[in-house]
Amino acid sequence: MSLLVFYLFAAIAVLAALGMVVLRNPVHSALSLALVFVSLAAMYVLLSAPFIAVAQVMIYAGAILILFVFVIMLLSPGTDQGVGALKAQRGLAILFGAALLVLLIAVLGGAVLPPTRGTFTPEAIAAEGDTQAVGALLFTNFLLPFEITSILLLVAIVGVIVLAKKRQSISKQ
Amino acid sequence: MINYLWLVPALPLAGAAINAIFSRKMPRWLVSVLGVGSVGLSFLVALAEFFTVLGAGAQGVFNVSIYSWIPVGNFKIDVAFLLDPLSALMLLGVTGVGFLIHVYSTGYMAEDESYGRFFTYLNLFVFSMLILVLGSNYLLMYVGWALVGLCSYLLISFWFTRPAAAAAGKKAFITTRIGDFGFGLGVILIFVTFGSLNFADVFARAPQMFQLGAPIITTITLLLFAGAVGKSAQLPLYVWLPDAMEGPTPVSALIHAATMVTAGVYMVARSHVLFSLAPFSSEVVAVIGAVTALFAATIALTQMDLKRVLAYSTISQLGYMFLGVGVAAYGAGIFHLMTHAFFKALLFLAAGSVMHAMNGVIDMRQLGGLRSKMRWTYITFFAAALAISGFPLFSGFFSKDEILAQAFESGHIILWAIGLLTAGLTAFYIFRAFFLTFHTQARWTEDEGRKTESRHSPSSVVGHPSFHPHESPASMTVPLAILAVLAVVAGFVGMPSVMGPNFLEGFFAPVFGEAAAAIPAGTEWMLIGASVAVGLIGIGVAYWFYIASPEIPVNLAAQFKGIYTLLWNKYYVDEFYSAVFVEPGRRLAMFLWQVIDVQVIDGFANGLGRAMASFSGALRGWQTGYARAYALLMLVGTVIVIGWLMLR
Amino acid sequence: MDPLALVIIEALIKSIVVIIVLLTGFAYLTLMERMVVARIQVRVGPNRVGRVFGIAALQPIADAIKMIFKEDFIPANADKLIYVLAPGIAVGTALLAWAVIPLNPPLTIFGYTINFEIANVNVAVLYLLAIGSLSIYGIVLGGWSANNKYSLLGALRSTAQMVSYEVSLGLSLVGVLMVSGTLSLTQIVQQQSMIWNVVWQPLGFVIYLVCALAEINRVPFDLPEAETELVAGYQTEYSSLKFALFYMAEYINMLTISAIASTVFLGGYQGPFGILPGVHWLLIKMLIFIFIFMWIRGTLPRFRYDQLMRFGWQVLLPLALANTFVTAVVLVLLGK
Amino acid sequence: MPIDYLPILVMVVVVVAFAAIALTLSSLTGPRHPTAAKLEPYESGMPPFGSARRRISIKYYLTAVLFILFDIEIIFFYPWAVLFRQLKLFGLVEMGVFVLILLIGYVYVWRKGGFNWD
Amino acid sequence: MLTVNHFILLSAILFCLGAVGVLIRRNPLVMFMSIELMLNAANLAFVAFSRYLNNLDGQIFVFLILTVAAAEVAVGLAIIVAMFRARENVDVDEVNELKG
């Protein structure tokens, strides 16, 4: 059953990702990407990480992508036309992207995973609650990254205001 | 209390940091409070640590790890402090004497425009010295070692606008670097040999791994001693110390008498396990110490510059200390180190007080008769002079006597004789300086109208100058008084066995092991008698020469003109070095500059540049300016790297 | 029977039942709203079609039939795919929220225990928030795809408003979570058998209600479809069943927030002091909320847009944060 | 456990089916008489001018950005809240620091007029 | 049987699709979305290994990456908007000089 669900969502994810890359209209790309995000959330549920799944939907699909959509509407750019200044770019990109995929599959297929396992088995996590388990780690072992995150967000806020306000003052002239 | 050990070096560092950044904006009193206060607090903490060690008795060895500094494979160096009786005593000395000298400096440097800079350097020096003393491994010690060298350089050339000061700083730095190079090699060799730089590891492994007199240990100890020779101004690398008197007098007192120059002694004492395994090296240490002691004392006989007399005296006394540690009397060496710190710092500070009063004049030919003008300076200088001369029951008496006794007892009769002779010379030259400065006729005239401004850089006033000497402010006299008390009484902690309990020997037991068997009382009394007699003779001769019949030294100088000129010119060592090392070095440098650098290296570099220019011209075509093209190249690179890793 | 198949079948039945109930509820909600607002405005309201028990009980059916047979056209310059998808997304996200809301205590029939929620997951509260944030897509895409200035502006306003209040909405629930210590709605409801959470979290409750009203774009936060400025907002170009789907989404959202408010703050299916728990209690509580919402619609004027945004960011957000921290401090002081 | 979430997947399937049926139904049942005027965008009866897909105010963008950043804050709040009984004062302090830093940004936005819509 | 390899393979495919997307699209917004896709592929790998190793650190990483991505998108899009302001179009090939 879980294999079936995996293939269903994997197919959706790959097709949607392909659509995001190929579709001309940026809004369609964004919508495809939303689909990828949601199917990845399903993957996380399959991997017994529901909290990450929900966070993925809330932040990626529900916030980040909305921002993308806003910016697309803000700039309302046209669709990509032609190959642009770099003629060989597209062919080479696809060629080397494929080569990278082949290499990655070769590497990962031959990889021997370490047998060492930690203590957070799915059963252990379920007993404690996924959110609680992640939170317990985050607020103790990863306390410093957590606090630094706030500084990162602060910098982002200030940066955005500076960039956006600059634009506004220009447009007033 | 041991948890607060880090405060001891941290406080002066904080003081230095704050003064370094803000001293320009701060009022002087705040600079003083920070500079003096940080060292004062540090002293209080050190005092508490000292009593912790004292209270712990035989268990008084603490290892305090602060921070894992270099963890590379099995090369693991911690910033860790070692607190044992040895370092605890050194801590007290460094922070205590340092504190007094800081206080003194507030008066002495009051007029200087670079007041904040001075305290920054001074605090930084205290911090560096504490790192040197506290470090629990050779690398940390080496860091402190290098840092004190830097501070010494900065402080000697503090008045860097004067060429002499700048040159003296350079000379000190370069000369000591020669020794430091040996020290560095020694440290590397220790790591190669023992696989660790921790004192605890090295000292535990050394006796198990090597027999007595193993060549490798001898090499290590000789290399370490090379560092000590440079830092502690022994033959043949002593030449920088007299020149270092160009620095401000508190610097001379703190760095070039009480603390930094004794680092070599401390290091040898710290490495006593290694030196005990290398009898040859110990022998070298003792011989160099004794010869230096005598050599410097003879030079001091004729010098007319008060501070230089003290400088040569310092070299001589350091020689004593090396004689002590060289004959395995480590406790005695450190004991002398401590008492010397008190009385030599006092001598320097008193000399500084004289300079303060005499408008920077330090040439004894222009002093004299200051006894009545500077009562406190006079009394304290007198106490210090008695101490250094080994006058009975003064501190120098106990420590010097112990070294001599140990030298005698260990069978180094010749070295003992040299030491004894030096003791006599010491008593003579120090009282010569004392009489010439404070007694005799004033060789200057009172000038009521001209209130002397305080200038401290040695000025060369020719002829018969006029001054209005005055006693220094309390900020200078109080440290003098405190040091004087210490110089008088400090010796009682290490009384010879015939006179009472030797507290110091028991205190050092956790470091140096139990004391050697006591010297037979008869021998002991004989040795004491000899050194006391020699000291008294020295004082007496000085009195006879300079107070009773002042024409004698003039006659003597005329009669033994050859020897006098040789001594007056300090055995022409500077000239010798200049001819043998400096001048060829300069020639070599000129050759390297004009031939190797300009033609070969520059030619190569320019050619490389030209080649690069043409090569990059070819590469420029790749820089299209299109971000996507660069990204594509990144992908291509990734594919190539992964592919290569796969196929390899 | 294969337990996996059993789970699927059970879920299938529950989903279909819930969806049908919600659709019916939506239909009669429109009738109720028309009648309540009419009474408030001293009008008669619908009273012609299919009178049963003295009210026009068959009116919603007539409305539905009318909607279905309306002409369904797509504006010329619209982005056709997205234009069609948008109402689907809107109603889909509205319905999906009900997957985690517990309706009744578990019942055991013939040894088989039935849980009256579609999925009992331990991240239910976060799930609701996630689904809520996805519901923005329906509106923003619908407004954008129609290629109409009113639609686009309406969609943007609506979206900006929703995201602004979503922050405070999320924060208003944090206090409850601190008291309950779980994200599972089922457990939150069970914990309230004696004392409802509203007792501990009165401020959180109020903030939640205000934000929820703004989330579903109802009066006084119905700026996006302010008729006088923007015609019908993002729905301007929609007709027929697509319009009905948007409408449906709105009313189901109203039901959803009433259900969440009842569940999280008022004990859900729990009666006061544990009296006779059951789905009727949930329905009563929801009806009270819905009536209040309609009452507000009938009486309160609309915010101005700049006031609305400022209210969200500068009043509600600090209040919600303060509520969280006061709760934290009290909990620490009580040593819980 | 993933099995707990299976009912949600089932419901998603049902909801998608329902939406698909409703959307196709509407295009099947209604009459179909397209005219050029009918298919024009509605602009209060006036002939429409220009495309609707033109640029919009940066304010919406700014709001969305602020939303993202505070949304992150909320997602951090949830695990914290459910763990609060265990974290106690420690939790209060660490989240206090976190929020305090973010509040600097909040106040900055406020002072820069980021919440003003005029 | 569902193994970690399934997820890693999917992650690799998505990553390569993202990489190609960055390279062939000229609209910076779509390029940016492709980068987000690559980031998500990495996240998937993180969670997959986290599950395989029974170690929650991977999930924490993903959680932190989420927040970093949010900040990155906010600032990145602000830059794109500013770029658009200066140039009146959004084609990265037009931006081939280091001046605004």
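Going in written order, the chains are labelled A, B, C, D and E, and every chain counts its residues from 1.
The criterion applied here is as follows: contacts are C-beta pairs under 8 Å (C-beta built on N, C-alpha and C of every residue); 3 or more make two chains touch, one makes a residue touch a chain.
As the structure is a computational prediction, the values presented were derived from the model and not from experiment.
Student: What chains touch chain D and also chain E?
Tutor: A
Student: On a CA-centroid basis, which chain has its centre farthest from chain A's?
Tutor: B
Student: Between B-E and C-D, flag the pair that has more C-beta pairs in contact.
Tutor: C-D
Student: State, to the nearest whole Å, the distance from the C-alpha centre of chain A to the C-alpha centre of chain E.
Tutor: 6
Student: Distance between chain A and chain B based on Cα centroids, please, to the nearest Å.
Tutor: 63
Student: Where the CA atoms of chain B average out and where those of chain C average out, how many Å apart are those spots?
Tutor: Each chain reduced to its C-alpha mean, chain B and chain C end up 82 Å apart.
Student: Cα centroid separation between chain A and chain C, in whole Å?
Tutor: 28
Student: Show the residues in chain A shared as contacts by 2 or more other chains, in ascending order.
Tutor: Residue numbers touching two or more other chains: 1-2, 46, 48, 50-51, 55, 58-59, 62-64, 66-67, 70-71, 73-75, 85-86, 89, 92-93, 97, 100, 104, 122, 129, 131, 134, 138, 146, 149, 153, 156-157, 160, 164, 167.
Student: Listing for chain D: what residues touch at least two other chains?
Tutor: Within chain D, the residues that touch at least two other chains are 5-6, 53, 56, 58, 60-61, 64-69, 71-73, 75-76, 78, 82-83, 91, 99, 106.
Student: For chain E, write out the residues touching at least two other chains, lowest number first.
Tutor: 19, 23, 26, 66-67, 70-71, 73-74, 77-78, 81, 93, 96
Student: Determine which chains touch and list them pairwise.
Tutor: Chains touch in the following pairs: A-B, A-C, A-D, A-E, B-E, C-D, D-E.
Student: Under the definition above, what is the set of chain A residues touching chain D in their complex?
Tutor: 1-2, 5, 42, 45-46, 48, 50-51, 55, 58-59, 62-64, 66-67, 70-71, 73-76, 122, 126, 129, 131-132, 134-136, 138-139, 143, 146-147, 149-151, 153-154, 156-158, 160-161, 164-165, 167-168
Student: Show me the residue ranges of chain C that touch chain D in the complex, using the header's touch definition.
Tutor: It is residues 4, 7-8, 10-12, 14-16, 18-19, 68-77, 84, 87-89, 91-92, 95-96, 99-100, 118-122, 125-127, 129, 133, 144, 146-153, 156, 159-160, 163-164, 166-167, 170-171, 174-175, 177-178, 180-183, 231, 236-237, 240-242, 244-245, 305-306, 309-310, 313-314, 317, 321, 324-325, 328-329, 331-332, 336 of chain C that touch chain D.
Student: Give every residue of chain A touching chain E within the complex, in rising order.
Tutor: For chain A paired with chain E, touching residues are 2-3, 6, 10, 13-14, 17-18, 20-21, 26, 29-30, 33, 36-37, 40, 43-44, 46-49, 51-52, 55-56, 59-60, 63-64, 67-68, 71-72, 74-75, 77, 80, 84-86, 89-90, 92-94, 97-98, 100-101, 104-105, 108-109, 113-114, 116-122, 124-125, 133-134, 137-138, 141-142, 145-146, 149, 152-153, 155-157, 159-160, 163-164, 166-167, 170-171.
Student: Quick one: which bits of chain D touch chain E in the complex? Just the residue numbers, please.
Tutor: Of all residues in chain D, those touching chain E are 58, 61, 65, 68-69, 71-72, 75-76.
Student: Would you pull the chain D residues touching chain C in the complex into a rising list?
Tutor: 3-8, 10-12, 14-16, 18-20, 22-23, 25-27, 29-34, 36, 38-44, 48, 51-53, 56, 59-60, 63-64, 66-67, 70-71, 73-74, 77-78, 81-85, 88-89, 91-92, 95-96, 99, 106, 110, 115-118
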